[in-house]
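First chain written, first letter: the chains are A, B, C and D, and each begins at residue 1.
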Amino acid sequence: MTALADQLLVLCLLLNFAVLGTSRLAFSVRAVALQGVVLGVLPALVHPFSWHLVAIVAGIILVKGAAIPILIVRAILKADIQREFEPFIGYIPSLVLGAIFTALAFIFASRLPLAPEHEGLLFVPASLATLMCGFLVLMGRRKAISQVIGYLLMENGIFIFGLLLAEAMPVMVEAGALLDLLVGVFVMGIVINHISREFSSLDTSRLSTLREE
Amino acid sequence: MYLIWIFVLLPLLGALVAWLIPDNRRRALVLPVVAALHLALTVTLLVQTPPPSPDRWIFLDPLGKLSLLCNSILFFVCANYAVGYLKLRRKRPNRVLCISLLVCLSAMTLVAIAQHLGLLWIALEMTTITMAPLIYFNRNARSIEATWKYLLICSVGIAIALLGLFFLAYSTIVAKQEVTLLLGTLIDTAADLHAGWRHAAFIFLLVGFGSKMGLAPLHTWKPDAYGEAPGLVGALLAGGLVNCALLALLRVYQIAVASTEAELFQEVLLGMGLLSMAFAAVFMARQSDFKRMLAYSSVEHVGIIAVALGLGKGALFGALLHMVNNALTKGVLFLSCGNIHRAYNSKSTQFVRGALRRTPWSGALFLAAFLAITGSPPFGPFVSEFTIVSSAFVQQNYWTAALFLLFLAMIFMGMASTVIPVVLGKVPDDLERTPYRDTAPTVWPPLVLMALVLMLGLWLPESLQELLHQAAGLLEGGR
Amino acid sequence: MFDSLLQDPSLVVLGAVLLAALSGVPGLLLRPGESGQKLASLLAVAASALALPALISLLVAGKTSRYVFNWGLPFGPTELSFDPLSLLFLIPIFLVFPLGSLYALGYWPNASRPSTGPSLTFFYGLLSASMALVVLAHSGPLLLMAWEVMALSGFFLLLPEHESAEVRGAATVYLVASHVGVAGLFVLFSELRMVTGSFLFPETGSLALAGGAATVVFLAALVGFGSKAGLMPLHIWLPAAHANAPSHVSALLSGVMLKMGIYGLLRVLSFFGERPLWWGGTILVLGLVSALLGIAIAAVQKDFKRLLAYSSIENLGLIAAGIGMALIGQETGNPRLAYLGLAGALFHLLNHSLFKPLLFFCAGSVLHATGTRDLDLMGGLGKRLPRTALLSLVGAVAICGLPPFNGFASEFLLYLGFLGEARAPLPYLGLGVPVLALVGGVAAISFVKLYGITFLGAPRSEAAAHGHEAPAAMLFPMAVLGVLCLLGGLCPVLFLTLVQPVLATVVPQAAGFAGLPYSLLWFAAAGGVLLVLALGLSWLLRRRQQVLPAETGPTWGCGYLAPTPRMEYTGSSFGLLFGSFSSGVVRTRTSTRAPRGLVPGAARAGYLPEETLLERLILPALGLVGIAFRYLRRVQHGEVHLYIIYIFITLLALMLWVR
Amino acid sequence: MIDILVHIVIALGLPPLLLGVIGKTKAAFAGRVGAPFLQPYYDLARLFRKGVVISETTSWIFRAGPAVTLAATLCAGLLIPLGRHTAPISFDGDLVLFAYLFALGRFFTTIAALDTGSSFEGMGAAREVSFACLAEPTLFFALITLTRLSGTLSLTPMLNHLDLSVWLGTGAALILMLAGLFVVLLAENSRIPFDDPNTHLELTMIHEVMVLDHSGPYFGCILYGAALKLFLLGALFVNVALPFTTGSSLADWLVFLAGMLALSVAVGVVESVMARLRLIRVPQLLVAALILTAFSLVLVVR
């Protein structure tokens, strides 16, 4: 079982690279959605069966895999933009950086001991790597949508880590992660709509009138 | 016990009522009513503190009391100000505003009473979210931009904080203890948590809450948000929200002090605090937008508090006192400068001149509050700042003291060169006519706050000193 | 209760302080009008009527009383103490304050200035009260608070005419300078607290510190208090502030507030049992430099009140020099020097708080009459304002340190101190004498110019031609001060008895020194002879003139038949020659427009002395810093993804720091 | 007691004679017979009988000026010892008073000049005060040196202390000091090379131009005051320059008188052989004098 979990985690990492490497927003949204589904499946693998578990799996797949992607795709359609033009960090560089960060994540993780029951699992490096890739997207892309996607990646990373605690302190983790996601992304969605109304584009490089000169 | 729950629910109830009331004018009146009730409840709770809830998730300890007191007073004043303010902005629908304000109040209350870090975190998240629509009150390009930056940066910060919490929890697992995020338990077991995870946790929590508090260089959202939000929202951001984030940080601080690595955590705080003051000093020089200037002043004072926490010992008292003073004084500054902004319909020092003539009361309040916030006697901040400096000397930490004073002086120059032209001088003749005049509803709330600040500078009530000492005791690792 | 209160003079003094603080409050509450102001002046006079006798009785009796009490602030207990040092410094406060508020009745009447009058009156009272508290406070935080209240009320007193950019600039510089000075005091009191473990002041002479701490204390005090006393180079705020304030305010600022700096310095010095010799040397040199440069810059001023302000720097410099001399005397075991130094300094301090307010009052009534401070627009006012002219003459002669007025008496002590050292094994202190002489000479230039150009000759402008004498409310305070100046010159003993009890607190050796090295009667004698001779001679001349054929005519134009007032020697041209000597230290900006072309337009030559340190050094430096900051501000560029980079970097950096 | 009377008589009577002697000397150099020695007395007498013209620009200051100046100078006359006798008034530090009385006189002369409102007199006043502030330190340097030598702070003992032994000891210093004092003497009394008492080119003058408008008794006072000032500073100079004491009081008086006359001849000689300096050279000469006296102090201290 745990082997499978690890493979899924590796899949998550690959999806990170997919998000980093593509310029097409729709594609990266799908990638993130897929990642969400994978994350939804993960708990079922690592934890013994319980109704609570079922609830989690269902909830996560629903939110991460369906609700949020749809919300974002809507925004994309409304603002009709397909691609992220001239990103702050190019695609090749961001792939390279992504690789470096992933490596860093593994190094960090190796420094930190795991609880016996989690020995040999990739959770920690995977979560750190995903977190940093999320950061990378946030730092490298100019469009509001891309930044939301980056935020989602970060969330996924945190969630992966949360899975380690899922049985130790059940309510807390999901509550945190879901609330964060829901609220964060939901409000961001609203704001994005306002932005596209105000600026008739989602290019946040336009959103730089407030500065010191 | 149930009293406390009423305490959290009351504002939510108010929010519901506000949602139901159709009419703008009457809806505004909900705010002062709820605020008054809340203040009354606060006082009663301060007088006779209920015991912790059986699961020890909820307890009003001295630290909580302090931040609750500030927030409640500040909110009371802002709510009363809001009535007059919303009268001026009749055209704007204020449903969202009222609701978010009230929800935010309940969240702030929850922050104060939460003893479970998870709960604390959720409440903090709530405050973050509810502030977003308030910043967007003016509904223009600039405010949407400000909101976006605020939201993005704070969400990232809060997410990092969440990860930090997870690390903390995991460190308990690794240390083979029963997993919990209850403050008390963590403080007890802090020493034997796993060092590596604990380190990571502290750093992530510091960065997370720090970005919400506005420690440099995580403060980047502040000038935009404070600059674009209405005055009273600015007051709540700089007073209320900062205090909430600070309280969260203080909880971490408690754990850090109980653990073995207090020194390191304090070092980091000291460094970031001085850095924040330096940033403030740089950005306040020749600042042409006096609302943004206030934002940087807020960065500065967060920095001062961080420095005090970094110094520890005697400075802790000063830090907590400064938390109170800063909140109240910032209230005066934002409300009065909101009035000036209304009167001139601009917040640039090019156009805003001679406020003392155009709006005598707001101008005078702005000037007085400027003197107060820069630590001149006989106002409150002087007491706290002097306490901090002198304890830096007592610890023979001369470099800190020297830098501290240097930055204070630079900041004073910067602020003076912005505030004095705004307040003094002739009112420009080509001033666009605005209906705003200084009237009681928009003037007395800041006036009351100013009186409080003055009082704190001349006389700290015994009870308050007692409370501060208890709170400082908690920070020194007491229980 | 009440009679017990009357039995304890120090409580009476406290009452007077309270009275002073509240004197302006009725004016704020009452509707604008004379009444509030009249009441304020009444209260002020009452306050000093209560305080002065009590003060002097306490001082002469040499009694000290202290009141320790707990206050609501977390700095432990605080203390008020009435010791000779405090009492002496209270005298100028309670002397100038009532006179100033009487003067205000005529100079700044609420009736004609309803918008600013009441607040001015209020802060006037507050300023005096806070100064009194500064002097009485015997614990760090209390002194700091009183100090800052004093500074802030001074700031608000500068504001009445804040429409003019000049006033705003002056106020800003003043505020910033005083705040930076307060930083010095923060250091001072924190350090003292660290050493003694409490915020209460240590006992006189009880403090014995290791080199480092002592140096910190001394330098902090020098910066913190010296900046308020206007010692060079910390004087930059002073001239503009004193020139732009309403005159009765300038009188209080210059006549009394500057002394607070000296008080602080003396107070801090009094803590120490023995002090390194270099402290005295530093203060002495600073004092002489301030005196010399101050008066040199004053000599080229063309603004009546600026000139007075710079001469304040000179006088404070002389006082500091005296203190330095006393310290040296104390450390080298030379009671004579210690005595002459400190007695001279304190005596001069009292004198300066007499003739400087007098002169500022005169400036006020000139301003009141002509509406300008520019000497080049005055002239001939002696005919329009005879009484003011007479009193300013008294002030001018006194401040030049010429007999038979008080200025001479105090400078005489300083001279004596320096001269006496010429006999000592190391006579280099004797070099102070020529410096004093030079200062005296330049002072003569400044005040001959001030008096002559203002009051004598023919009016140089319409305003001067139609000036009018000041009302009695303004003349009376000036007269009081003038009489006191003469009194101090004829029998200095009166003043020296006030000074005597203070000596022990700062330089114990001086107290041991028995009496003066000469009989003070000589002053009375010389002064008397001088006055008698002068009056006798002028009477004789007048008689001769009556018996002889006397006629009047135009001033001899040296052959030129149509001289006009525009051809008179102006203040600027009067100072020009000296300016050419001292061009090394005193910078002046001249702007000329020569006549050119076939039909030349009006030619003009403008002339403006500048505050070199401020305009050539500090402001440019600040400008550079501002430019540097503008580059640093680029980091706040509004690109949100870069902000996120900051967060990420911080996170990484801290993680690495932790490792 | 008798000495004091003599002192007063000489101090009051002698000064105009000095002017006479100076005039005679200059005349001799010019190969003229020149005015009689007593001419200055006649002038004074005439002036006190002449009527006055007073400019209507002026106020009482104009008339008070000469009186106060003269009064101050007379007081100074009581402080300085003549010959080897004690001055009528003598106390520690009287030298300061001595110097400051002249300052007082100068103050009033200058404001009296400014009172006329004439640009020329203003100019003169400005020059007077500006140069005086350079001359005074020189005087004080000399006085410090004397204090150092005599160890007292009072003019009488200080000047009477000097005798041949002191001269033999510190001759160089004293010579430097005398040179400085002589310059001060000429400057303070506005003689050539600083100023020309009897030219009437207003632009070139310092002292004379200040009194252009005074006439009759007032001018008399000024003239007499000037002579007195010359006499007093001269007395200071002579006291330093002639360190003899014959023992008998009468002889001392005679020596002193001889010295004064010699001094005035010397002044006359200087005035005849030198031309007036250009105005911009004046301060340089004064500073030179300052340096001389400073050197003398250094020599003494060393």
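FYI, a residue touches a chain if its C-beta (ideal position, glycine included) is under 8 Å from a C-beta of that chain, and two chains touch if they have at least 3 such contacts.
In this text, all values refer to a predicted model and were calculated from it rather than measured experimentally.
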Next on the checklist: Quick check: which two chains are joined by the most contacting C-beta pairs?
Outcome noted: C-D
Checklist entry - Going by the average position of its CA atoms, which chain sits the greatest distance from subunit A? => result D
Item to check | Rounded Å distance, subunit A centre to subunit D centre (Cα mean) | outcome: 100
Next on the checklist: Report the inter-centroid distance (CA atoms only) between subunit A and subunit B in whole Å.
Outcome noted: 31
Checklist entry - Using CA atom averages as chain centres, what separation in Å is found between subunit A and subunit C? => result 70
Checklist outcome for this item: Rounded to the nearest Å, the gap separating the Cα centres of subunit B and subunit C is 43
Next on the checklist: By the touch rule stated above, which residues of subunit C touch at least two different other chains?
Outcome noted: 633, 636, 638, 640, 644, 655
Item to check | Junction residues of subunit A - those touching two or more other chains | outcome: 138, 147, 204, 207-210, 212
Checklist entry - What parts of subunit B, by residue number, touch at least two of the other chains? => result 148-149, 152, 156, 200, 223-224, 283
Item to check | Touching pairs - complete list by chain label | outcome: A-B, A-C, B-C, C-D
Item to check | subunit C to subunit B touching residues, read off their complex | outcome: 71-75, 141, 144-145, 147-149, 152, 159, 162-163, 165, 168, 171-172, 175-176, 179-180, 182-183, 186-187, 189-191, 193-194, 622, 625-626, 629-630, 632-633, 635-636, 638, 640, 643-644, 646-647, 650-651, 654-655, 657-658
Checklist outcome for this item: In their shared complex, subunit C is touched by residues of subunit B numbered 148-149, 152-153, 156-157, 160, 199-200, 202-204, 206-207, 211, 217-218, 220-221, 223-224, 264, 268, 282-283, 285-286, 317, 321, 354, 356, 371, 374, 376-378, 382-383, 386-387, 389-390, 392-394, 396, 401, 405, 408-409, 412-413, 416-417, 420-421, 424-426, 457-462, 465, 468
Item to check | Sites on subunit A touched by subunit B in the complex | outcome: 111-115, 131, 138, 144, 147, 151, 154-155, 157-158, 161-162, 164-165, 168-169, 172-173, 175-177, 179-180, 183-184, 187-188, 191, 194-195, 198-199, 204, 207-210, 212
Checklist entry - For the complex, which residues does subunit C have touching subunit A? => result 633-634, 636-642, 644-645, 648, 655
Item to check | Contact set on subunit A toward subunit C in their complex | outcome: 88, 108, 135, 138-142, 147, 204-205, 207-213
